[in-house]
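I'd like to ask you about the structure that follows.
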Amino acid sequence: MTNTQLTHIQIDNYGPWTVTPEPRREVDLQTLQSRLYADLSQFFGNRGGYTFFTRFDNMVAVSNGLTMDDHAILQESVGNRYPVTMSLSVATGTTPASALATATEQLQDAGSAQDKSRREILRGRHIDEEFRTDEDLRIAHFDVNDATGKYTDQLNEFDTFIRIEQGYASLMKYMRHAYDSLSFFVGGDNIIAVCPELDTGEYRDAIEHVRDDVGVELKVGVGEGRRADEAGMAAKHALEECRATGADVELDC
Amino acid sequence: MTNTQLTHIQIDNYGPWTVTPEPRREVDLQTLQSRLYADLSQFFGNRGGYTFFTRFDNMVAVSNGLTMDDHAILQESVGNRYPVTMSLSVATGTTPASALATATEQLQDAGSAQDKSRREILRGRHIDEEFRTDEDLRIAHFDVNDATGKYTDQLNEFDTFIRIEQGYASLMKYMRHAYDSLSFFVGGDNIIAVCPELDTGEYRDAIEHVRDDVGVELKVGVGEGRRADEAGMAAKHALEECRATGADVELDC
Amino acid sequence: MTNTQLTHIQIDNYGPWTVTPEPRREVDLQTLQSRLYADLSQFFGNRGGYTFFTRFDNMVAVSNGLTMDDHAILQESVGNRYPVTMSLSVATGTTPASALATATEQLQDAGSAQDKSRREILRGRHIDEEFRTDEDLRIAHFDVNDATGKYTDQLNEFDTFIRIEQGYASLMKYMRHAYDSLSFFVGGDNIIAVCPELDTGEYRDAIEHVRDDVGVELKVGVGEGRRADEAGMAAKHALEECRATGADVELDC
Amino acid sequence: MTNTQLTHIQIDNYGPWTVTPEPRREVDLQTLQSRLYADLSQFFGNRGGYTFFTRFDNMVAVSNGLTMDDHAILQESVGNRYPVTMSLSVATGTTPASALATATEQLQDAGSAQDKSRREILRGRHIDEEFRTDEDLRIAHFDVNDATGKYTDQLNEFDTFIRIEQGYASLMKYMRHAYDSLSFFVGGDNIIAVCPELDTGEYRDAIEHVRDDVGVELKVGVGEGRRADEAGMAAKHALEECRATGADVELDC
């Protein structure tokens, strides 16, 4: 059984800050957001975690292997280097969806995302070392079949993007409701999903759903591990295997 | 009539690079992509342009005010500082969709996105200073009505994100096909669209489409300008006006 | 005659900020400082200017070609993206030393570097386009003869660094007092100096001074230009010429 | 007795790269160097280490607490995100100078810094956890007495910088030869030295040397710890104590 540890990251009171005293230049907001994401990606990533940009003002990290102390250092470091602060809430669950639900609730209990006095909340608990296993995480790496040949080299960039985006919107909603999985667009034609234990048929079902729903053809490699990077790298190799064999689903679990 | 200048930015041969000789660590790809985006955002932005991350390996910039020489400097600078290079194609059109179509075609004519020998292409032309006007750009800034109160503070973060994402997927497709506009998610509950001249009724139609299609309620402020930052800042102020008055569409054109 | 435009950049009230309410983590200060420098380097650099890190809390830029409006955008952008703000003072002079003296005075007139209420000062004026010439700037690029062979590959890294550092300390002081020039260490064994019109004999004199003073052997290429990047690139090519011919001074002016 | 673990970081074949095929734009080199330094500073720093920029193409980190595996991840991550690679050599010693001497030798044994085929060397060994103690590191934090009042607010920025620089050049050389300590300028008027066990008299001697040699007045706080950040933070607090009491040396060991 998986044991996913998720961190809900929320910039404190960000919306109001972006328009106070006047709306701030959009390019500076974009730069701030993407660099903050890059920093989190490195911090979590160099300890084996994965970070997803989601809405940028709210991000989600798979943080198995990171302690609450690690989170505290990150929170302090961001507070020292950015004009904004962030709150962090950590939770675990047998499905990614339930873990995130707990993490978000802990944060909501501390106050609104736009509460001026709610700053630098740090809540939750990490999985104790003794309870961690090599099967804690399942990560699925999806991509679009021949995206370059069918889309990028044929359509204008926005029409290509529409295809990718419709595929993502369909998959992320379906995987959430059918399989308690959290799927994140990570650029190009790639989607990474944090999943509970699912079998080949369930992944195939999701792929078929997306094809029927929006006409986009996906394939997926799935990996398992103690940390996100281990499960994610196994998933990447499984996806390469799909490319080599023409399979639509490849599980390395 | 608008005269949008768009730049299609494409990392050269990026897909193959990410898996050669072995798949590279996802966190490094995420960091690379988001920092490259931040750099482009600053470069275009400090000259009045807007950059959108789109798929990260392909990005789109509204570049009115930037010359081909500016693009050449950017291309060289990225080549000096990143392990990848990028191609740039610049085009104009009376609608954003037609401008991007031309830009992408110019790039496709130079070879495939995954052609090993196609590197650092720089094509197209900027609008000569004498032909630029204060009405060249229309930018619309959408956001979700009371996203914090209805979603962020109520649902778990992924379920909030599903709402935002479904709203975006619906809007970006509709605006493209009905109005030749290019809509980009920019974080939080914000979507920025580059549009031709549209009237209040047409924006209202788009908002109604999204409400009917996926149940997400949007409002929008629209601005006009010679450069993206001018049109975009006017749009932000118009959106603040919506917030103050409860209007769903506010045009400052 | 040269006409150097210099910008004195000063982080507002930085010293007190670094220890309030408690001393902040050194690594965060280092990251903040070096990233701010990188951002300024790109901003000035993409308009043809050069930025030098100097003391990091106080930096100096050669800003010929940048207007006061450019400086205002930069100031706003930094204020939007960093937890600190900065003041900028721009001045010109027939020698770099006199230009910087004026720039600093303008800033000092506005209040102390550690005055809590003195924030985001922007003073001075740029050179009007009509008065700019292709001879406004002289830039000299020094390096140490065979630094890799004599030092890097022979001594421990700190003992190598001592040689480079003693050479720099000697040169920067001498060039300032003898020739009103400002010399900046830019990494490796490289020093870039912003100079008035000096002839071969004067550069040779400086090189001899350093050799006699601290036993470090330098060579130098010198270039001229309308902007720092033009003069600096000419200097780099002149230095390559030294490498090829064994000359110790090469002027391309 | 101290047990300093140092990492010598060297960009592979950097000098030749900067001029191949033509000299690269200085601003891009500056940006590349300072961002690489920022990344290393975060990576080491978030594990308790300190990184010093030294010459930028060669850097030094105090890496007690980091394993060889940590170093390997860092090396891979930089290789994935920069156009250059770097070599890392780790060593320990009873004095910082002897530790760095060993680290550099290990790197030199692998080939020249400008050897085209010598890439991504990773050598040496970290201190095993069981041998680490709370007295492994001594860090001294120097600053200049009343630098703002005497220099920054009085002299032009370059003349202030000359004072700081002459003070640093004098201190770093003396501390190396008299006390096997490595001193690094870290911005503003701050110098951080990694030292063996020295007593108050020895620090006072160094301060007197600098005053006699170049007329710059320093004070110093000294801390001890298992990791650089612990020793360094204790040193910062000791320096604050100097500020409060007027002492010139304060040891918290």
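Note that the chains take the letters A, B, C and D in the order they are written out, and that residue 1 is the start of every chain.
Everything below uses one rule, namely that a contact is a pair of C-beta atoms (placed from the backbone, for glycine too) under 8 Å apart; a residue touches a chain by one contact, two chains touch by 3 or more.
Small disclaimer: the values here were computed from a predicted structure and weren't measured.
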Chain pair with the higher count of C-beta pairs in contact (A-C, A-B): A-B
Equivalent interface to B-D, taken from A-C, A-D or B-C so that over half of the residue contact pairs match: A-C
Geometric centre distance via CA averages, chain D-chain A, whole Å: 37
Approximate Å spacing (C-alpha centroids) for the pair chain C, chain D: 22
Rounded Å distance, chain A centre to chain B centre (Cα mean): 22
Length of the line joining the C-alpha centres of chain A and chain C, rounded to whole Å: 43
Shared interface positions of chain B, touching two or more other chains: 25, 27-29, 31, 35, 42, 45-46, 77
Of all residues in chain A, those that touch chain C in their complex: 24-25, 27-29, 31-32, 35, 76-77, 79-83
Touch list for chain B against partner chain C, complex: 39, 42-43, 45-46, 73-74, 77
Chain B contact footprint on chain A (complex, rising order): 8, 10, 14-15, 18-19, 23, 25-31, 33-35, 37-38, 41-42, 44-46, 49-51, 53-58, 60, 97, 100-101, 103-105, 108, 112-114, 148, 152-162, 164-166, 168-169, 172-173, 176, 182, 186-189, 192, 229, 232-233, 236-237, 240
